[in-house]
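Structures follow.
Two complexes are shown next, each including subunit A; its partner changes from subunit B in the first to subunit C in the second.
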Partner chain A sequence: MNEEQIHLTADVLTNGVGLITAAGYINNEGGQAIADAAGDLMERGCGTLLIDLEGTRIINSIGVSILLEIMEKLLEEKGRLAFCSLTPTISKTFEIMGLVQYATIYPDQQAARADLEGHASG
Partner chain B sequence: MEVVLHLPVVPNVELVAAKAVEALGGALGMSQTRVEATCVAIVEACLNAMEHGGGEVVVRLSGENESGRPRLVIEVEDHGGGFDPAKARRKTVAQVLGCASKRGWGLTLIRELMDDVQIRSRPGQTLVRMCKDVEGGP
Partner chain C sequence: MPPAELLHLAELALSGHVSPQLTEEILRAVVEDSNSRAGVLRLGEEVRASWPRSVSRQVEDATAGWTEIPFGADGSQWRLRLLMPERLDQSALGAARIALRAVELRDELKRTRFDERFRLWELETIRSIANDIGGILEVDRLARELINHLVALLGVRSAAVYLGSDPATAEVVGSFGPLTLTADQLARAWEQCVYTDDVLALPLESKDGTLGVLVAASKEARAGTEPFAGNDVRVMELFAVQVTMAIEFARLTQASLERERLKRELEVAAEIQSHLHPQVYPEFPGFRLAARSSPSRQVAGDTYDVLVNDRWLMAIVADVSGKGVGAGMIAAGIHASVRLLSETESSLTGVASRINTYLVGATEDNRFVTFAMVRLDADGGLVAVNAGHCPLLIRRSDGRVEQIPSCGLPLGILAAAGYRESTGRLEPGDLMLLFTDGLTEAENPDEEEFGIHRVERVVAELVSPTAQSACRELLRAVDEHAGGKPLQDDATLLVVERLTGGP
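This part shows the complex of A and B:
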């Protein structure tokens, strides 16, 4: 836990799905880095964003507030936001902050991609 | 078993407090999930104290075992202007969607993630005391 620097990857998948993987502390800087990657993927035509938090163990409410902004922007454009690979605490935090009311939560990336891309991924 | 931290207001110093929770919670036999929930709560308490306290934040962590109920007790103290905890209502997502600022979740998260929370605040001193039982649900 406690990785101060966030490490991101961003990829365009099939069916208009964009994938962001984020590992590290989601604070204001981490949240903003995810928001920047999300904005870039949306500009590249991704209407659905999947954020994989496999390597993230600690978050704060400022970082999650920025994720709420991403969600709001996607909803305005009739898009869709999804998360996968959440720890129980991050899942509960998202529940408390209302993200789960508007975003889809998957247990892992494989399950998410199978649903969002319409086929099972390798 | 007690840890006392004097945290200066510098970026990411709240992670020092989270690290102390990991060490002490692990030593007490707390599950990883309960440790992580406590880490989020102490991070939020420290961020609030740094934002509103205007100076050094004092964090005390200790293990208690009253009535055979082992628990991790955390106190986060700042010396800012204080606030009325009764007016700090639970936040909901409906309140923030459409608003420019989506912040202000700290106390809501602390109250939801910890087993017991007490807040004493007056001008010059705010003390957030929060407890997490070593054993319990996730």
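This part shows the complex of A and C:
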């Protein structure tokens, strides 16, 4: 896989959960692609977004700032943001950059969906 | 009195609950309060809100009747433009001004926090190279990890690590994105930092010289790219120091592990070789044996062996040119060849010739083997072949010493070389000595060799002439001559003693 390009999928799951899988470099282009996908899922009624970063090993400061904006937008809408499948380096980056204060981090998609979809339905 | 809505928005802004839509809500409230047709709010040149939202730059430019109100305070850059306002309530404008200033300060605080965290991220990345990545020993994998960190930290679209002894032969060991460094830039970066708007390249300088070059290119901005800044150079410099240390550590550790591995292999080879030599001398009635062999390195180019059957005893000593593992492998081959050929070849010259033919075809031109072989029957009758080896010595029971000199070229030099057998007899009380030149060439501090004449003298002067005492006294004399210095060459000594009380 070419790591320099972002590869995205976006799906509406059950109970208002939107799933974005992102693999590749989260820079200005990759970050914007995630933001566009997030905006689209929110318009389709997803109040909770799960971003699966399996396959993503590099994120730069612009990518982080775009993710922070997505988080702000979701919080404004009383939504919820979650991430899963983070590399240790990205996990550390999110911790330092303050993303973990308002977003939930899950080890993998299975654990995230079990919690979020179950939580949303409850 | 300002309208309640504007006051509420100002309170919201001051309390820190700033939503992305707050600026637009403030503008809308001002437009409605002043009964304007439309409004635009700019921060510097950037349009931050328009009301109605349909008011574009083109609409703004094409419409007359705009009133611009400098809206800033305390150095703020806000500008409010209202289209045909019917009234301007100063207290409402004041409330809006306070709310916008709060928005601005909130943005500044957010940026400052982000920058503060980003500095922490920089430090953490530099630290992680020392702590985490520093444990990676494969240079290629290490380079890839470093590049990933550099790309993330500097926010660049491409980066690479070149390693090599000079820029002409340096290779990329890790990269991300398209390579943008020209050969000329690489050559310059080998000496000093190359710093342009789009490229930043630094030499990886160790105490032994430049290891390679670290390069980053195309720094990202929110839209597109932007020139590298001074802080980027500082970060790259820190990074280059850490990268150099990590790569040097990996290389030194790898070299150390490789040395350990080779040492272990040499120990195994030395052990295998030591087992080729007789551990217990085979019994041959009327004769007794003693031998000493000391390699100058772990694996020796000397070998010796003793074979017996019901008719004869055979003693062999060989010395492969050179030292170390290569010589040791050939010595092992000679050892095996003699054992196999002695079962089928009736003459010693036949054994020597066949080994010679094999070695000529199988070894490098500069490899050869000096070789001595003696076969003794139960009555002391002896046949010997000496192919370029030190003379074999017979120490008679009365102290006289006789030589069996070389009768041909060492093995492995010339395929057509011929060998001649010498014959003689070992009487009861006589000793036969086979040894390699490591013994005779042992030097004293004045670089004077021990020499064959000293060997003969020590042997002649033996008080109790047995195989054991001959070995012991000769090695003692050599050690004394060398002043306790380790021998420069492999040294082997094999002594056959015909017992006086034998059959």
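Criterion: the second predicted complex is superposed on the first by the 116 of 122 C-alpha atoms of A that agree within 3 Å, B and C clash if a C-alpha of one lies under 4 Å from a C-alpha of the other, contacts with A are read in each partner's own complex, and residues count from 1 in each chain.
FYI, a residue touches a chain if its C-beta (ideal position, glycine included) is under 8 Å from a C-beta of that chain, and two chains touch if they have at least 3 such contacts.
What you are looking at is a predicted structure, and each value in this text was computed from that prediction instead of being measured.
Chemist: Check subunit A with both subunit B and subunit C modelled on it and let me know: fit or clash.
Modeler: clash
Chemist: For A:N60 in the superposed arrangement: first (subunit B), second (subunit C), both or neither?
Modeler: In the superposed model, A:N60 contacts both subunit B and subunit C.
Chemist: Figure out whether A:K73 sits in contact with subunit B (first) or subunit C (second), or with both, or with neither.
Modeler: Second partner only, subunit C.
Chemist: In the overlaid three-chain picture, which partner chain does A:K92 touch, first (subunit B) or second (subunit C), both, or neither?
Modeler: both
Chemist: Let me test your reading of the model: by the given contact rule, A:Q101 touches which partner, first (subunit B), second (subunit C), both or neither?
Modeler: The answer is first: A:Q101 touches subunit B but not subunit C.
Chemist: By residue count, which of the two partners contacts subunit A more extensively, subunit B or subunit C?
Modeler: Tallying touched residues of subunit A, the top partner is B.
Chemist: Could you say whether A:N27 touches subunit B, subunit C, both of them, or neither, answering first, second, both or neither?
Modeler: both
Chemist: Check subunit A for residues that touch subunit B in one structure and subunit C in the other, and list them.
Modeler: In the superposed arrangement, which is not itself an observed complex, subunit A uses residues 4, 25, 27, 57-62, 65, 68, 72, 89, 92-93, 96-98 for both subunit B and subunit C.
Chemist: Quick check on the complex: what are the subunit C residues that touch subunit A?
Modeler: Residues in contact with subunit A: 19-21, 113-114, 117-118, 120-121, 124, 128, 148-149, 151-157, 176-177, 220-224.
Chemist: For the complex, give me every residue of subunit A touching subunit C.
Modeler: Listed in rising order, the residues of subunit A that touch subunit C are 3-4, 25, 27-28, 57-62, 65, 68, 72-73, 76, 89, 92-93, 96-98.
Chemist: Once bound in the complex, which stretches of subunit B touch subunit A?
Modeler: Residues in contact with subunit A: 12, 14-15, 18-19, 22, 33, 36-37, 39-40, 43-44, 47, 92-94, 96-98, 101-106, 108-109, 112-113, 138.
Chemist: So in the complex, which bits of subunit A are touching subunit B?
Modeler: Result: residues 1-2, 4, 25, 27, 57-62, 64-66, 68-69, 72, 87-89, 92-93, 96-99, 101-102 of subunit A touch subunit B.
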